[in-house]
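Structures follow.
Common to both upcoming complexes is chain A, partnered first by chain B, then by chain C.
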Partner chain A sequence: MAPLDLQPTGSSPKVCFDPFTGILELSGDSYPENSFDFYTPVLSWLKEHLRETEALQVHFNIVYMNSSSIKCVLDILDLMEEAEAAGKKILINWYYDRENPRALDLAEEFAEDVGVPFHIIPVEG
Partner chain B sequence: MAMHELIRLKEEFTEKGIMICFNGPFSHSIIEEIGNAVRRRLEGEEVRKDAIMDVFAVYIEQTQNVKNYLAGKSFPVKNFNSAIIIIARMGGKYAISSGNVIEKTDTAALVDRLERIQRLDREGLKRLYKEEIRHEVPPGGTGAGVGLIEIARRASEKLSYVIDEIDETYNFFSLTAVI
Partner chain C sequence: MTPRKEKTVMKDTVVREAEEILSLHSGEASLLYSKFKALLHDYEKLLHKLDKVITISDKYQVQLMEKTDQLNSALAQLNQLKKIILPICMFCKKIRSDADYWQQIESYFAEHIEVMFSHGICPECMKEKYGELLANHKD
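Right after this comes the complex of A and B.
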């Protein structure tokens, strides 16, 4: 299984999987020039990884996301929902800046649409 | 530009509360640089985080919409591929405006879309957004197709837009969102 380690740029997030902890982390801003080009390899990696693993945690620490990134993240959450339906242990932690109500709105809208354990956790901004 | 024109331009910008105005071809790096400059300036002025995020989000959706539209067109007149973006502050509110050339044949669909969005309240906008963000993107598509809904959801007033005729083939489309 190839490692997943994308370093952040001004408009794309850090996307990194730690094979020791089993945690996939996405952090930073997400409004790349073409969100589909950016997230397609992430989705392919995730599909393959979910076939091989029994448990996955995803930690999101996203400040801002444009609408096409939101669409791609919904696809990520759908894959996790399928994996959970197939009996795998899936957990999502969504960290947000407690001083930024918009960051909470974003988290809550995702939580409305996903059927996997989804924890919204405030952090100091 | 003569010096006396520059002072008049500066006075006009100040009077209209214009913080940033860019006129030229949009590239991704220009969108990113201007956006970050505005964000840093507002952070420096201790504007509330949710307002900064709304201004930034509307700016990004507007500029990426325009850039994607123009990239799909490559108009024969070079100047038509460039656009204008303005971020202004009036009292405690922010206005984000963009202007670009559109093909006349695209105008009716755009106006229909805007009018449909204008008729919706907050709940209606959320429902439409959640429905459309799940739509399949056509091959080669560059966005989720919900930029205008996202802009309307962030705006504190109805969007305003103007269509000006350029010639028999082209119009100029101006859009303003107020936060």
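Right after this comes the complex of A and C.
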């Protein structure tokens, strides 16, 4: 399976899968000019990977997202949920800046409808 | 987790009408009925996701506006400091703030640009103030 390693730019996040730890990491800011162009290959990779794997951890550490990125991240969470329902071991860690009063609220908003283990973890900004 | 606020989601007119049609045909096990029901389910999920995107997006906008306000306020302070010439005592280095009040440089900066000072001793002052003591200690 093709590796997933997208380096961050000023407007797009780092998206990287480590095959040794089984962790998919998304970090940085996400407001690409065309979020759907950016996230479509990520979603395709994820669908294929979830077909082949039994367990996946996804670590989010995203500071800002534009509306279309939010939609794409919700799509990623939907895929996680479907995989969990299919018997895969899924875990989500959502890191947020403990000094940002809005960040926890945002994390909880993402976690609200997700039916897989979703850990909200504070980190130093 | 903090308790979530109760949300009111307006039921879409399309969903209401579709539910009405479904209730009229609830006894039918036709393919059309099941397809229609599945489509309605997908549509409701999509509406929920749209509502979610808008809610989260609004929160990000608030966060962004707060950050912008903080930056603007910091910029205004910086510009204010750039424009003024600070009158400073040539001997004790106190700064004359308003109303002929002379203020310690540390408290002036703490008050005006939230800069905190940590005190130490530079090598020159160490030599000047404690040079003799250090020399005696070495001997």
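One rule holds for everything that comes next: the second predicted complex is superposed on the first by the 125 of 125 C-alpha atoms of A that agree within 3 Å, B and C clash if a C-alpha of one lies under 4 Å from a C-alpha of the other, contacts with A are read in each partner's own complex, and residues count from 1 in each chain.
Everything that follows uses one rule, which is that a residue touches a chain if its C-beta (ideal position, glycine included) is under 8 Å from a C-beta of that chain, and two chains touch if they have at least 3 such contacts.
Worth saying up front: this structure is predicted, and the values here are computed from it rather than measured.
Peer 1: In the superposed model on chain A, is it clash or fit for chain B and chain C?
Peer 2: Here chain B and chain C cannot both sit on chain A without a clash.
Peer 1: Contacts for A:I120 in the overlay, against chain B (first) and chain C (second): which applies, first, second, both or neither?
Peer 2: A:I120 contacts chain C only, not chain B.
Peer 1: After the superposition on A, what does A:F110 contact: first (chain B), second (chain C), both or neither?
Peer 2: After superposition on chain A, A:F110 lies in contact with chain C alone.
Peer 1: Of the partners chain B and chain C, which touch A:S11 in the superposed model: first, second, both, neither?
Peer 2: A:S11 sits against chain B, while chain C stays out of touch.
Peer 1: Just to be sure I read the superposition right, which of the two partners does A:K71 touch: chain B = first, chain C = second, or both, or neither?
Peer 2: A:K71: touches chain B and chain C.
Peer 1: Looking at A:F36 after the superposition, I want to know if it touches chain B, chain C, both of them or none. Which is it: first, second, both, neither?
Peer 2: Touch status of A:F36: first partner only.
Peer 1: A:R102 contacts which: chain B (first), chain C (second), both, neither?
Peer 2: Both partners, chain B and chain C.
Peer 1: Just to be sure I follow: which residues of chain A are touched by chain B in one complex and then by chain C in the other one?
Peer 2: 64, 66-67, 70-71, 74, 100, 102-103, 109, 113
Peer 1: Spell out the part of chain A that touches chain B in their complex, as residue ranges.
Peer 2: 10-11, 31, 33-36, 64, 66-68, 70-71, 74, 97, 99-103, 109, 113, 125
Peer 1: What does chain C use to touch chain A in their complex?
Peer 2: Interface residues on the chain C side: 1-2, 4, 48-49, 52-57, 59-60, 62-64, 66.
Peer 1: Inside the complex, what are the residues of chain B that reach chain A?
Peer 2: Residues in contact with chain A: 28, 32, 36, 49-50, 53-54, 56-57, 60-61, 64, 130, 133-134, 137, 141-144, 146-147, 150.
Peer 1: For chain A, which residues count as touching chain C in their complex?
Peer 2: Interface residues on chain A, with respect to chain C: 64-67, 70-71, 74, 100, 102-106, 108-113, 120.
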